[in-house]
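Both complexes below contain subunit A, partnered by subunit B and then by subunit C.
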Partner chain A sequence: MISRFRVRNGSSCTQKSEHKLTSSLFEQVRTIASDLFDVAPEGITAESSPETLEKWDSVQHLSLVLALEERFHCQLTPEEIEHMHNIGGVVRVLEGKLQSASG
Partner chain B sequence: MELRQKVSQDIAKGDVQAAARGLAELWRRESGPAAAAFVVSRFEKLVGEIPLVEQKAAFLRSFTVEPVLPLLRAAAFSSGINLTLQVGDFNAYAQEMLDAESALYRFKPNLAILAVQTCDVAPDLWVQYTDLKPAAVASAVRRAVESFQQWVHAFRERSQANLVIHTLEQPILPSAGVIDGQSAGGQSAAIEDINRELRRLPEQYRGVYVLDYDALVARYGRLGWHDERKWRTARMPLAAEHLIHLAQEWLRFLVPLSGRTAKALVVDLDDTLWGGIIGEDGIEGIQLGAEYPGSAYQALQRAMLDLYQRGILLAICSKNNRDDAMEVLESHPGMLLRPPHFAAMRINWNDKAQNLREIAAELNIGTDTLVFFDDNPAEREQVRNSLPQVAIIDPPGDPLSWAAVLRNYPAFERLTLSPEDQQRTIFYLAERERSQAAHSFGSKEDFYRFLEQRVEVAPVCSATLDRVAQLTQKTNQFNLTTHRYDAQQIAGLTKSPGWQVLSLRVQDRFGDHGLVGVAITCDKNEVCEIDTFLLSCRVIGRTVETALLSFLAQSALARGRRQLAGWFLPTAKNEPAREFYAQHGFSMQTQNGEGSLWTFDLSDQQIPCPEWIQLHAEIGA
Partner chain C sequence: MAIVIEPYREEHQAAMQEFNRRLQAAGGGPDLVFYRSSQPHWLPRAENSSVYNEYFVALEGVAVRGAYALKHEKILVGGSDLHSVACYHHPLSEGVVSRSYAAVGGLLLRDALKRQPRLYALGMGGLDRPLAKMLAAMGWRLYLVPFYFRVVHPYRFLRQMRSLREARWRSVLMDLGALTGVGPVALRVLQGAARLRSASARPFLAEQVDGFEGWADSLWLAARSECSMTPARDSETLKMLYPAADKHFTRLRIKRDDAIIGWTVVGERRRDSKFGDLRVGSIIDCWAASGDKLAVLLAATEALQARGMDLIVANHSHRVWGQAFQSAGYFKGPSNFVFAASKELTELLQPFDQNKPSFHITRADGDGLPRNF
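Then we have the complex of A and B:
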């Protein structure tokens, strides 16, 4: 394995252009959720939540936040994390975050 | 997602080797928190099916490490280690180490990691430093050091396990401001005093090691490393992007402790040890020296020298004319590495997997202890397919980062060094002269099919004129006649009756190699004479040359020619092309002081295009 020496972009959110080009935000969140909650991507919808996904517990919620922050180069606030009560909420929070960063 | 699906299918089919390789590949591409969960859950299905070293590690910690653990386990699995983990309660580490009946000792770990923070083990130095009198600072330092000594002593009495201790990190901003640096008794100095004492512990206790956490944080930047929000809300002090760096740092200890170390680093030469191609650019033209860009390659060589001093064998595996390469190794003033630094060398035109097998045999080590470093992705892929057990470094695009890649590679870590380590290469040097293994060629067809090469032949045009002329000027190795032309002369040839100037473009699954070949022919009565036939060295040895020759034969026949004819004019550099006509069924007609003339009868023979190459021609065949 090779170490990745990265330059940090402060706390603002910068989406890598490769992600923008390849798939929609929902698809990217779905891939992350599929990895973390061990559910096929087709099994994840905007309504998927800790109630519907067995592995979405408080520990995995922190992992989800960290995975999103790592992938999208941003830091989520406690208020934003609170709104992430289902996958649709996650996507909405990220949309707001990415727009305010680019705008 | 495709790689994930393939892994799941391989697991369903029971092809555990392919699944393990796919997971390691996925981890190489996406070493992050999300992929870690997938990689771990799938590797867990392979436990018992693939060879893995079992390790049990206990975490003694004062902060939230849980989100880092999947990354550590994924990285460990990819290094052939199945890591079982136990995590102690927050701030119960002292009690666990002191109490012989604790969960720590009942777990019977092979390894314990003591990961505590300055703010927990020396809170007065961290938070209240400016309130303290100098005597109180000294006693705080002493208390912290004595605590560590007591814990380690107790641990050594109760367990044979290895113990890795984090050093204490420095504050992002010292409490006293810049004045902290104006005396030997500042806050930073006090924390450094503790760390200096921690570094003495490995000298006192076997199997105790220090992980310089403060240096790790500094490497990536204190400000960016620390996430105040996560710290305040979840006792998780690291920013998301650095989870992987902490996991990798643990791996640098775990890999040598598990015996998953590499014994030898095998490197390519052109565009790896130096910039440029010796066979094309010559000893004056390659980039290597104290000035940029040559300094990037010197930095890589310095990192290799450091590995050499650590007892890691160095070896060369390069497609080159041996004499050209040896001239650089022996006499280029910019080289830091010289022939005696290399325990084995394969500088030839054979395939690299075969050369790696020979290197391992010559050094009497397993191919699974080799690490292969080559700038060329096609060579790496060939090795990956033929010898999946060889570890392969995919160098990032910028050579300036390569030295750091070698320095951060866990399989090169050693936790102790013996005097023999530094002598190791000398032993192999004697061995080198002795064993000149016969070269046996394995089947390369699978590799060629894997490459999915697409070859385009087109007449030279205004857009390609300069490049075609340049190739005739600088191609030395696979060049049958070494006729040099400038752009004007090429343009002139295209207007001469009977002459054709063709360019060759090669693409494969890794991308476009661009315009890398030239053929110039001249029709005279029934004969099509090959005036120039050359390929850039970057596509030599992948049967592209056969495809181009096949095209020449077909198009000559279509124009009513009965014979192909061509000279081979030997030079100091074009050894790789020597057998080309003989290998393709040509007969030698004559030989003189300059070279040999070869012919091929088109009326009763064919030169088939290799089935793994898609040939496209912009002109009628």
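Then we have the complex of A and C:
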């Protein structure tokens, strides 16, 4: 499936190794999620999801989408939003998007 | 499996019934269901319709995971320019049943905005409700449309409100000093004082009519420049909103010295547990030029009192109508009736804060007509 997106002001990430990109990206997403869902960063893992975090409801899911779009200067498609089942899924979606933008 | 949002068709109806069943099983109230029929009964689309509903479903394969409705209509901005907008209403998501579907609510809203960027939503039960919060997160402008009420039977009203202990009405009762035990007397005195003011209103005649004809167009043209924004209130629109066959509404035409000066639509609200056994009437809609608004509200009030209402309620956004309500003996109460405008609609209504006191928004707007009456 090809994701359609619009990069507004260029990617916020410089060229990094895949591992570092992933690790850095995970930390950035974790920080956003920690703030939105009112959970300490250590409590956010790749498996964290609406089923495991009490404050991750529909409203906060939309807030997460908006926060990610603002932070990473991108527009998430409905297909990408659907794949954000948990924090790991969020990171994978963003990885694909940012690598395509920088590649 | 991907979520696909498309127009609601007959082939989706069985899956919609299942969706509604799951929502109810999850503890949703009686209003937490989407329309069973894919064809709108209220404001169906017809040739040349200026006001009509469209329904959309979010599908995961053949299963319905969400739905929403758009009421397309025209609004007049600045007294002269007509624009197409839509009311976003009845959004429902499988996210209510299972958090696995937390994404659906946002997908519905984004889909609606793609179809019509100039959206509004109305009602929602308050700023702290999920939909209102979601709209705020999307950068919509939200504010509370003023609420007015008049107590017709103070003893019944106070007895019911005390037992219900509904938070919003408790604050009203405290303001009225009702908890001191002299509530009924206080209410009569306060509303009596207002009645003395309204006794100075010039004489008028109210007559019940079956529908709206050309006379309503004259009134529409005469008063629309007093509104910075108003949904259309011409005779064709009014015929669609209040079809003659619908007996829930009482349509009144108000005259003075043989000249038609305004109209109002009133009705009894459906029984609602938050009002206990009270019969609650509503001034659903109204239209008049500045000097005639009080007469229209007095006519509406008399009609509802004559029908045995215990309490009369209304929401109205226009400042001048608000002054007329208070002159007619209404109190202003705490509102939970939210008006929300999308970013594009807000842009059209700029300067928003300066213009909103002259928006004409009532209970007739949004999806309130079939829901409440």
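Here is the rule we go by: the second predicted complex is superposed on the first by the 81 of 103 C-alpha atoms of A that agree within 3 Å, B and C clash if a C-alpha of one lies under 4 Å from a C-alpha of the other, contacts with A are read in each partner's own complex, and residues count from 1 in each chain.
Following the convention adopted for this analysis, contacts are C-beta pairs under 8 Å (C-beta built on N, C-alpha and C of every residue); 3 or more make two chains touch, one makes a residue touch a chain.
Not measured: the values here are computed from a predicted model.
Novice: So, A:63: does it touch subunit B (first), subunit C (second), both, or neither?
Specialist: In the superposed model, A:63 contacts both subunit B and subunit C.
Novice: Could you look at A:92 and tell me whether it touches subunit B, subunit C, both or neither (first, second, both, neither)?
Specialist: neither
Novice: With both structures placed on chain A, which of the two partners, subunit B or subunit C, ends up touching more residues of subunit A?
Specialist: B
Novice: Using the touch definition from the top, say if A:79 reaches subunit B (first), subunit C (second), both or neither.
Specialist: second
Novice: What residues on subunit A does subunit C touch that subunit B touches too?
Specialist: Touching subunit B in the first complex and subunit C in the second, residues 1, 59, 62-63, 65-66, 78 of subunit A appear in both lists.
Novice: Name, in rising order, each residue of subunit C that touches subunit A in their complex.
Specialist: Residue list for subunit C touching subunit A: 2-3, 5, 93, 95, 99-100, 102-107, 109-111, 130, 133-134, 137-138.
Novice: Could you please specify the touching residues of subunit A with respect to subunit C in the complex?
Specialist: Residue positions touching the partner: 1, 49-51, 56-63, 65-66, 78-79, 81-82, 84-85.
Novice: Along subunit A, where are the residues that touch subunit B in the complex?
Specialist: Its residues touching subunit B are 1-6, 8, 31-32, 34-36, 38, 41, 59, 62-63, 65-71, 73, 75, 77-78.
Novice: For the complex, which residues does subunit B have touching subunit A?
Specialist: 1, 27-28, 31-38, 41, 64, 66-67, 70, 75, 78-79, 220-221, 224, 227, 229, 233-234, 236, 239-241, 243-245, 248, 251, 393-394, 396, 401, 404-405, 408-410
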